[in-house]
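Structure in structure tokens, see below.
Here the chain labels run A, B, C and D in written order, and each chain numbers its own residues starting at 1.
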Amino acid sequence: MSDPVLEVSGVTKTFGALLACNKIELDLQPGEIHAVIGPNGAGKSTLIKQIAGEQKPDSGTFKFAGHNIDILSASQRARAGLVRTFQISSLAGEFSALQNVMLAVQGASAHTFRFFKPVQSDMSLVEPAMEFLKNAGLEERAHTAASELSHGERRQLEIAIALAMQPKAFMLDEPMAGIGPGGSKVLTGILDQLRQQAPILLVEHDMDAVFSLADRISVLVQGRNFATGTVAEIRNNQAVRDAYLGEEVAS
Amino acid sequence: MTLTRETAINAVLFVGLLIAALIAYLLDEPFIITMATKVAIFSIAGIGLNLALGYGGLVSFGHAAFFGFGGYVAGILANHALNNTLVFSWPIEMAGTNSMLMIWPVAIFLSALVALLIGVLSLRTSGVYFIMITLAFAQMIYYFAISWPAYGGEDGLPTYIRNSFPGLNTLNPIEFFLICFVWLGVSLMLCSAIVHSRFGLALQGTRQNEQRVTSVGIDPFRVKLVAFVISGGITGLAGTLYTDLNRFVSPSVFSWQTSGEIMVFVILGGVARLFGPLAGAALFITMEFTLGGMTEHWQLWLGLLLLFVVLYTPGGLIGVLTSGRGKDV
Amino acid sequence: MKKLGAFLAGLSALALIGTAQAEPVKIGMITTLSGGGAGLGIDVRDGFMLAVKNSGNSDIEVVVEDDQRKPDIAVQLADKMIQSEKVDILTGIIWSNLAMAVVPATTAQGKFYLSPNAGPSALAGKGCHKNYFNVAWQNDNLHEAAGAYANDAGFEKSFIVAPNYPAGKDALTGYKRFFKGTIANEIYTQLGQKDYAAEIAQIRASGADSVFFFLPGGMGISFMKQYAGSGVDIPLVGPAFSFDQGILQAVGEAALGVKNTSQWNKDIDNAANKAFVAGFQAEYGRLPSLYASQGYDTANLIISAMGKASVSDADAFRSALEAADFDSVRGDFKFGPNHHPVQDIYVREVIKEGDVFTNKIIAKGLSNHSDAYAVDCSM
Amino acid sequence: MTFTLLIEQILNGLQFGVMLFLMASGLTLVFGVMGLINLAHGSLYMVGAFACAAVATATGSYWLGLAASLVFAALAGVLVELAIIRKLYTRGHLDQVLATFALILVFSEGTRWLFGSFPLYLNVPEILSGAVVLPGGIQYSLFRLLIIAVGFAIAGGLLALIHKTRIGIQIRAGESDREMISALGVDINKLYTIVFALGAALAGFAGALVGSIQSVQVGMGEPVLILAFVVIVIGGIGSIKGALVGSILVGVVDTLGRFLLPILFGAFMDPSSATAVGSALASMLIYMVMAGVLFFRPTGLFGLNA
């Protein structure tokens, strides 16, 4: 294996008496889709929040692109290329599609505290943003408010934004939440577009999608990383079946 | 800026204020000039607040703290200049001054500094909690100002004359109006530039969706803090001008009613509209003085008028005039 | 033809007035007519207008405006009256902090200011001005009289209370200036405070033989009601502000028997006062207050000066004001060198007349009393 | 300072606290259930006080006055809710602030028009006035003691109402999930009106009780309103329990601060400036407490997420 893009080592997090994460070890290799699954309350969301920098672990460290990122804030991690995307209602609704992407280009460029030059004529923002929109097929809708876009268009906008962040890794937290049937097809489309750019850490409930798309899978149970392996390894792991997957995978 | 209906209305408002003052000058009605000056000053304060409240979604109920701070800087410096005493003698000797060119930078700097302190402590909260914690800080300063005897306590601090500006007689109403009017123009331009800049994009993004801004690599706390500091500085400047208008400053500038009034101007005119504060202040102050002259119970009528505006004209005055929906904050 | 006739008649009428009187005087009155403190402003205005009406002098024009008890509004109204209305004299302010805002701005523009109520120490001493006259009292006066009364009554240990603002500090200073006993405790309350349980508990525990308090308006109503309900029976002394006709009804039984100091009361025995009290009741259907008497005296002072000099001759008009040649409802009235009153201050007791709570004079607190700041004043 | 004096001051703090609770509970319910910032809550307090004073004077019965305070404040609440407040639920907080600010002007000036500019007479009835002697030789005002008892009784009743009754369940459901209570088949408009009227009645009742020992005058509601907001923010918006704890905290801290701080400063200053500095600090104290609470708990002591 080559050097991992993201490395989680020994991460522990407690909320009062509740042990949400228990010495979790995890890594993300270049080019792969690594899915994290587990029952509700297994600590998936808590783990993602800690990687993103929204919560601080009690102990343990995160390495990203070869550097320790423990002291970086959430926004600094995002700027470093650790891109978290497809959160619930994650667009700036009043902004146009273009402004949403411009904000991402601006964030990645790390030059926010400029007060006088109008952004509309700031070609170092507008041009790349238009390029990303074009690639996402939203050129026509550049000046439409994000809140007025269709569901499909919003997903495309999310992709444009994620790509505009000059990502080195993606984190997707339940991108299918609320989509309903046919979700795995949509997810396949999204992942195909993103994986060309960077590896993906995916948290997802939909088992069919996970097993058909992921390269590797980690199973969290009660805050512990119960098992990590390829799809086949996990499918055939008796302990995982007993603990969690049960009939669902067997069928 | 394209020539939209809103731009046209803005121009009419801005030029209208100037023309009103000039006509009053020709008709020798200095009080109308004073009222126009008051409109200009409260518009500046409102522009400051609008930056935080309208564009940043930071509903501050404590902007009286900055308005009052600017006001007291002008009052204290002028008072020391009048009595020829030192403001403080350690670590360096600081004498009073009655030059506006000296007072303005000091007032803007100190108000912004106060905004920085209050902002660092308040911006951890949001929503109603933010409204109330900013109010709490303003109230602390208010009670301090009332009971601190050095600068007059609740009696306030007269400066007797206006501070001076090279080449102008500031006691002449029209000349002082022009100073305030120029500052109004500068504040509007500054606000417009900020709103349309990279920072403005981040600020408005933060108002709509803080998580999104974080996830594209921008720290929303810093964005909000910087906006709050600029906002405090602009409102502080308005405070110094208000001291000069009245030749007097008292703790009532720190009261929650002052915060409320500035907020009412902004909402009345239209939240997150560049010229909203000007429209709101102009309507409110005109009503206050015309109704006040007509009936003892003018506050009742003013209240009913405000109710009508808020219930039937969403988007504030500018919103009505451009017949557009207001922006929800 | 008819129109022309009316026009000519009007002209001749104007001409008649022109010859009958030296010069009309325009007076600007800025006072508090809305919000919580409106009662005081309304009394000053009503007293003032009664005197103007009684004088039958048609050369007086009065412009009245509401300051909302806000200093900044008061200054702006003063500018309006001086610059746009071109008034000759300003008057009407109730509150010290508003007076501090308006008086310097007015005298700096060469106009006269006659205070019907507020008398902050800053304007009586070094900050005095030749065009500023106070027709009511210097702020400390009534408190000084209360101190003097406490000596006469044999009190030896006083517990003293006032709000934490300059007028409150002046009040306690004024009381201590004359009171010869010891101070059991000195408490500053929050301005606008309405609950005095904590202070009353301290009074109960203090072992004082008297309580002096300066809590104007609603603060005083609350204090007295709570004091009466607390079972503490240490005698109270205060200045008239908490016992004025306007709020006494709201205090009710709780105020009965309390001694307070005032330069005026409705039972002062002179013709001017009798005419004032009767006239006020006839005109407005209520008993006049201290504030009404001050407004009435202020108007009469102006009218007396108008008879002697033209307001456009500032020096002559000022001398006419200094002479104070009018029948004050207080009896003898004259100005000291700092244009503040030299007058008797009485001790009153709250009584019930029929259904109405009011005051009667029981003693004289101080005779021909001036103020402590006059020596600092040089005009 | 004696021990009995300290106990008496703590009682005073409690009494102040339960009064604040009557104001704060309505405010926090209205905010929690309807998401409405109601600046005019202080006006309802004033309406209660004026109704009580007017009726008590006219009929000679203090008890009728108290009943009138509940009725008139609730009535004013219902009227205002139906005519104006109802239109504001879907609006942003800023529109609510402006509209209810306007309502303050209308209520204050309207009351002054009706009742004149002078304070009204309202006093504690004969049988409740005077002091009682508590165990330990503490003399304490009977009426204040009753206020404490009534306040705690109402607090208990409200907590029971919220947690035990059907309407309480609906109210709590309204706080957490608006769609759910429509799904439950509850008439949401009626529920809102009831909650608003309940809050108004409590405020009016507080106004009448406080007016009996303080003064009944225009503008009496706003200072209390600011304190009530401080209370609900400290306690956590929407939480009745938070309002109760916040009220007692503010009441006791404020009372003891006014009492103890001047004594504290007296230890190393001359008495005159010690009392001035001490009381200046005391008036800032509750705001400091609030800022401190929010600094460590940005949604108050018992608050959910804002």
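Convention: a residue touches a chain if its C-beta (ideal position, glycine included) is under 8 Å from a C-beta of that chain, and two chains touch if they have at least 3 such contacts.
Every value quoted in this text rests on a predicted model; they were computed, and no experiment measured them.
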Where chain A and chain C overlap in contact partners, by chain label: B
Distance-maximising chain from chain C - centres being C-alpha averages: A
Chain pair showing more contacts of the two, B-D and B-C: B-D
Innermost chain, taking as reference the mean of every protein Cα atom displayed: B
Whole-Å gap between the CA centroids of chain B and chain D: 32
Gap in Å, rounded to a whole number, between the CA centres of chain D and chain C: 35
Chain A and chain B, separation of their C-alpha mean positions in angstrom: 43
For chain D, residues that touch 2 or more chains besides their own: 108-109, 112, 276, 279-280, 283
Multi-partner residues of chain C (at least 2 other chains): 34-35, 164, 169, 188, 190
Two or more partner chains touched - positions in chain B: 143, 146-147, 149, 297-299
Pairwise chain contacts under the document criterion: A-B, B-C, B-D, C-D
Touching residues (chain side chain A, partner chain B) in the complex: 52, 54, 73-76, 78-80, 83-85, 87, 89-95, 99, 102-104, 106-108, 110-120, 122, 125, 161, 165
Chain B contact footprint on chain C (complex, rising order): 33-35, 65-66, 70-72, 75-76, 79-80, 83-85, 96-97, 100-101, 104-105, 108, 120, 122, 164-167, 169, 188, 190-191
Residue ranges of chain B touching chain D (in the complex, touch as defined): 53, 59, 121-122, 124-129, 131-133, 135-137, 139-140, 143-144, 146-149, 256, 260, 263-264, 267-268, 271, 297-300, 302-307, 309-311, 314, 328-329
Of all residues in chain C, those that touch chain D in their complex: 34-36, 38-39, 42, 164, 169, 183, 185-190, 192, 194-195, 197-199, 201-202, 204-205, 218-219, 221-222, 225-226, 228-231, 246-247, 249-254
Chain B to chain C touching residues, read off their complex: 29-32, 34-35, 38, 143, 146-147, 149, 152-156, 158, 160-161, 173, 242, 245-248, 250, 252-253, 292-293, 296-299
